[in-house]
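Next up, some structures in C-alpha cells.
Two complexes, one shared chain (chain A), two partners (chain B, chain C).
So, the complex of A and B:
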C-alpha cells in the first residue's frame, strides 16, 4: 500500500473531521445545558450555509475585497438573531416540559427549516461562484492538501479557542457550565436559565453556519449538506454526549474514519462506504461503550 | 434564646399572603399566610407531604402560587423568576443536595458569589480592569469569611461529589451564603447528618442569624424538633397544605391540634437524638 496515499487520507480526514467536530460542539452545548437532542442541527447548517452563500454572492457583485470572510462574519451576526429567536419563539415555552416534547419540537423545526430553505433558495445545487478557495493545492511532504480543507481546519480551530476562552473566562460561560451541571442550583444562585438556553442555541447556530459554509464551499450546496451534518451523531456518541472536548475528538475521528474507509474499502465495496461507515462504527461503539469516551457514567447509589 | 425582641418589631421582610398551589387534584398549599420579620428564624414544620418544600419553592420562585401573593420588602414578587429573586437577596439550600458535583468546593462557592460581580458586558467578557479587581475581592471575601466560618478550609480544593454527605451539606450552605443574602431558606439542613454534624450545623444557623457579620433572616424547614424549638423565634405548623398555627415555640408546644397532628410522633423524632 502506498503510505503517502494513506497519510493523505488521514490528513484530509482530520481536516474535514474538524468541521464535524465544530458542528458537534454546537450540538453538545444544547444537550449539556438542556438535555435536548437537537435533531434540527443539519437544518441549522443548511440555513447558515445558504445565508453565507447569498451574502457572498452579493458582496462579489459589489466588488468587496474580502467577500468570504465578510460573508462569514455577517452570517455569524445573523446567527445571533436567529438563534435567539428560535429559542424564544419555539423552545422557551417548553422549559420544564418533558424532554421528549422538546425533542419532538426539534423534529418539527427540522422539517419547517428544511421547507423554508427549499422555498427561499430552491432545491438546485448552488455553488460559491467564483470559488472561494483556489484549486491549486499545497503539497506538504508529498501529501496533497486542498486549500478549502486547510481553511476549514483553521476556522474550526479558531472557533474552538474562542469558545474555550468564553467558557473559561467569562461569567456567561460559567453560567452555562453551572446550568449544565445542576439547573436547580444555578437558578437559586441568580443565573437566568433562559439566557443560558438562548446562548446555547446561538452558539449552535454559529457552529452550524461555519461548518455549513465550508462544506458548501467544498462541494456545492444543496439539501444533502443537511444530511451530512447528521454525522454529528456518531461524533458525539463517540465522544460522550455531554463532553465538549469529546465532541471535537469524535468529529475528527469520524472524519478520519470516513476518509480511511473510503480509501481502503471502496475498491472492494464500490459505492457509499464513506457514507455508511460512521454509522456502522457508531452501532458497534455503542455496544461496547454506551457512555462514549468521555460521557458521564450514571452511577446509581442505593 | 428565643428572641422576643425580634418578634415584637414589626418590620416584615417576607410575607406570604394567602397563597394556594395545587398540582392536579392535589392541594399542596391551601391559603397559607406567613409573615417573616427581619432578623428572626422562622421555622416551618409538618409531616412529610405537608407542603413545606412547595412553600420554599414558591418563595424562591421555582413555583408561582396560583392564588395569593408573595411580598418581599413590601413588594409583590409573584411573577419574578428565580434568578431575579436571588438578585433581591433570597438564597436557599435544597432538601436533596444540589451542588455542582464536578467542581471543587471553592468553585461552587465562588459561583454563588459570581452574580454579585457588577461590570459592563464588554469588560466582563474580556476580563479586564474592574472585573479583575472585583474578582480578587470576591475571592478574598469567599475564602476568608465563608470557608473560615464553616470550617471547610481543609477541603477547599476537593471535588464536591467525592465528599461525604455531611460536608456536602455544609458546602451547599456555604454556596448559599456566597452572595450575602438577606433571606436564607434552609430546606432540611439537618436531614441525614449524624449527631455531631447536627450540632455543628445548628451552631452555624444560629451564628448566621445572630452574629453581627451575617445578621440573616432565616426560614428553616426541619424535622428535628429539638433543634427547631431551640433555634426558632416563631414556628409555622403545616399539615396537608393547611396552616395549623403560627406562633412561638412555647405556644406551638402547647397547642393540642399540633400535638395531635405532629408532635404525637415525637417519639419517632426523639430516636434521632
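So, the complex of A and C:
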C-alpha cells in the first residue's frame, strides 16, 4: 500500500478531527457543568456557520480587507448573545427539574433551530463566495495538505489554548470547574449557577460556530453540516463524557478513523463507510469501555 | 443578650416539595460575634436549619413557608443563595465536599470568585495559609486525594475566602480522628476570635460543641426542644443521658441501660 497516501489520510483526519474535537469541547462543557446532554449541538453549528457566512458575504461586498477573520470574530461576539439568551429563555426555568426534561428541551431546540435556519437562510447549499482559502495546497514531505484543513487546525488549537487559560487562571473558569465538580458546594460559596450555565452555553455556541464555519468553508453549507457535527457523540463517548482533553483527543481519533476507513474500506464497501464508521466504532467502544478513556469514575480515597 | 443578634430566626416552618414538613417553629438567635451550637440526633433538622439560613434549601426544592430569618436586621429567607452569600453568610456543608479534581489551592481560590475592592486574592490566600499552615504544604495536591482532615481544612479555608461575617459549620468533626478534631476546633475558635466571625455550629459530638459554644440549642424531629447556656445544658440529666453518654451520677453509662424512647417522649408532647 502506498505509504504517502496513508499518511495523507491520517494527516487529513487529524485536521478534520481537530474541528470535531473543538465542537466536542463545547458539548462536554455543558454536560460537565449541568449534566445535560445537548442534542442540539449540530444546530448550534448550523446557526454559527450561516451567521458567519452572511457576515462574510456582507464584508466582501463592502470590500473589507480581512473578511473571514472579521466575520468569524463578529460571529463569536454574536455567540455570546445567542448563548446567553438560549440559556436564559429556554433552560434557566428548567434548573432543578429532572435531567430528562432538560434533554427533551434540547431535542425541541434542535428542531426549532433547524426550522429557523431553513426559514432564514433557505435549504439550498450555500458556499463562501469567493472561497475563503485558495485551493493551491501545501505539500509537506510528499503529503498534500489543503489550506482549509490547516487553518481549521490552527483555529481549533488556538481556541483550546484560550479555553485552557480561561479555566486555569480566571475566577470564572475556576467557578465553572467547581460547579462541574460539586454543584451544591459551589452554591454554598455563593457561585451563581446561572452564570456558570450561561457561560457553558456561550462557549458551546462559540466552538460550534467556529467548527461550522470551517466545515462550511470546506464543503459548502447546508443542513447536513448539522448532522456532521453529530459526530461529537462518538468523539465524547471515546474521550469520556466529562473530560475536556478526552473530547479533543476523541475528536481527532474520530477524524482519523473517518479518513482511514474511507481510504481503506471504501474500495470494498463503496458508499457510506466514512459516515457510518464512527458510529460502529462508538457502539463497539461502549461495550468495552463505557466510561470512555478519561471519564470520571469518582475519586475514592483508599 | 446585650448586643443585637447578627442572625435571628423567628419561628420558621420549612417544607420540602411543598408537602413534607421538616421544621416547625424553629427560633434561634446568634449574638454578634458569638458561637452557638445546634445539637440533635440524625434527622432532627439541623442541616435543614442551616440550609434555610444560607438559601441552599431552595436548590433542594425546599422553602421557608412561615416565620422569617433576619440577618443584621434584613430579611433573608426569600433571597437566593448567591445574594445571601454576598451579605456575608457562608455555609460549610456536611461531608467535606472538596472539589475533588482541583488542587487544594484552586479549591481555596474558588472561594474568592467575588472580587472585592482593596483585597487581593493573594492576601486572602495568605490569610488562609496562616490559619491552616498544613494546607500550604499540600497546596498543589489534588484535593480528592489529601487526607480527611486536610479536606476539612480545605473547605473551611475555602469558606473563609468569601469574607464571611457568619459561618455555618455542619459537623466539622464527622469521621475525623480525635487529634485532628482537636486541631480543627482550635483553628475554628481562633478564627472566631481573630477574624470576629460569628459561628453557628452543628454537631453530633455534643461534648465538643458544648465546650466550644457558650450557648446551645437542642433539636428533635424538626423543632427546638431546649435552649440554654452550655453549663446548664451540661448539667441537664436528659442531655447527659442522650448526648454525653453519662448517668445522672456522672459515671459512664452502659448502652444496655439506655431507654431512649421513654425519656424522649417528655420533649415531644
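Everything below uses one rule, namely that the second predicted complex is superposed on the first by the 297 of 302 C-alpha atoms of A that agree within 3 Å, B and C clash if a C-alpha of one lies under 4 Å from a C-alpha of the other, contacts with A are read in each partner's own complex, and residues count from 1 in each chain.
As a working rule, a contact is a pair of C-beta atoms (placed from the backbone, for glycine too) under 8 Å apart; a residue touches a chain by one contact, two chains touch by 3 or more.
Everything numeric here is computed off the predicted structure, so don't read it as measured data.
Asks: Fit or clash for chain B plus chain C once both are placed on chain A?
Replies: They clash.
Asks: According to the contact criterion defined above, which of chain B and chain C contacts more residues of chain A?
Replies: It is C that touches the greater number of chain A residues.
Asks: So, does A:187 touch the first partner chain B, the second partner chain C, both, or neither?
Replies: both
Asks: Between chain B and chain C, whom does A:171 touch in the aligned arrangement: first, second, both, or neither?
Replies: Once the two structures are laid over each other on A, A:171 reaches both partners.
Asks: Considering only the contact definition stated at the top, list the common interface residues of chain A for chain B and chain C.
Replies: In chain A, residues 171-172, 174, 177-178, 181-182, 184-185, 187-193 are touched by chain B and also by chain C.
Asks: Where on chain A does chain B make contact in their complex?
Replies: These residues of chain A touch chain B: 169-172, 174, 177-178, 181-182, 184-185, 187-194.
Asks: Would you mind writing out the residues of chain A in touch with chain C in their complex?
Replies: Residue positions touching the partner: 96, 171-172, 174-175, 177-178, 181-193, 296, 298-299, 301.
Asks: If you look only at chain C, which of its residues touch chain A in the complex?
Replies: Those in contact with chain A are residues 54, 56, 59, 61, 81-82, 84-86, 90-93, 97-102, 106-107, 109-115, 121, 142, 144-145, 147-148, 155, 158-159, 161-162.
Asks: So in the complex, the part of chain B that touches chain A is made up of which residues?
Replies: Residues 60-62, 81-84, 86-87, 91-92, 94, 98-103, 111-112, 114-115, 117, 124-125, 127, 175-176, 178-179 of chain B touch chain A in their complex.
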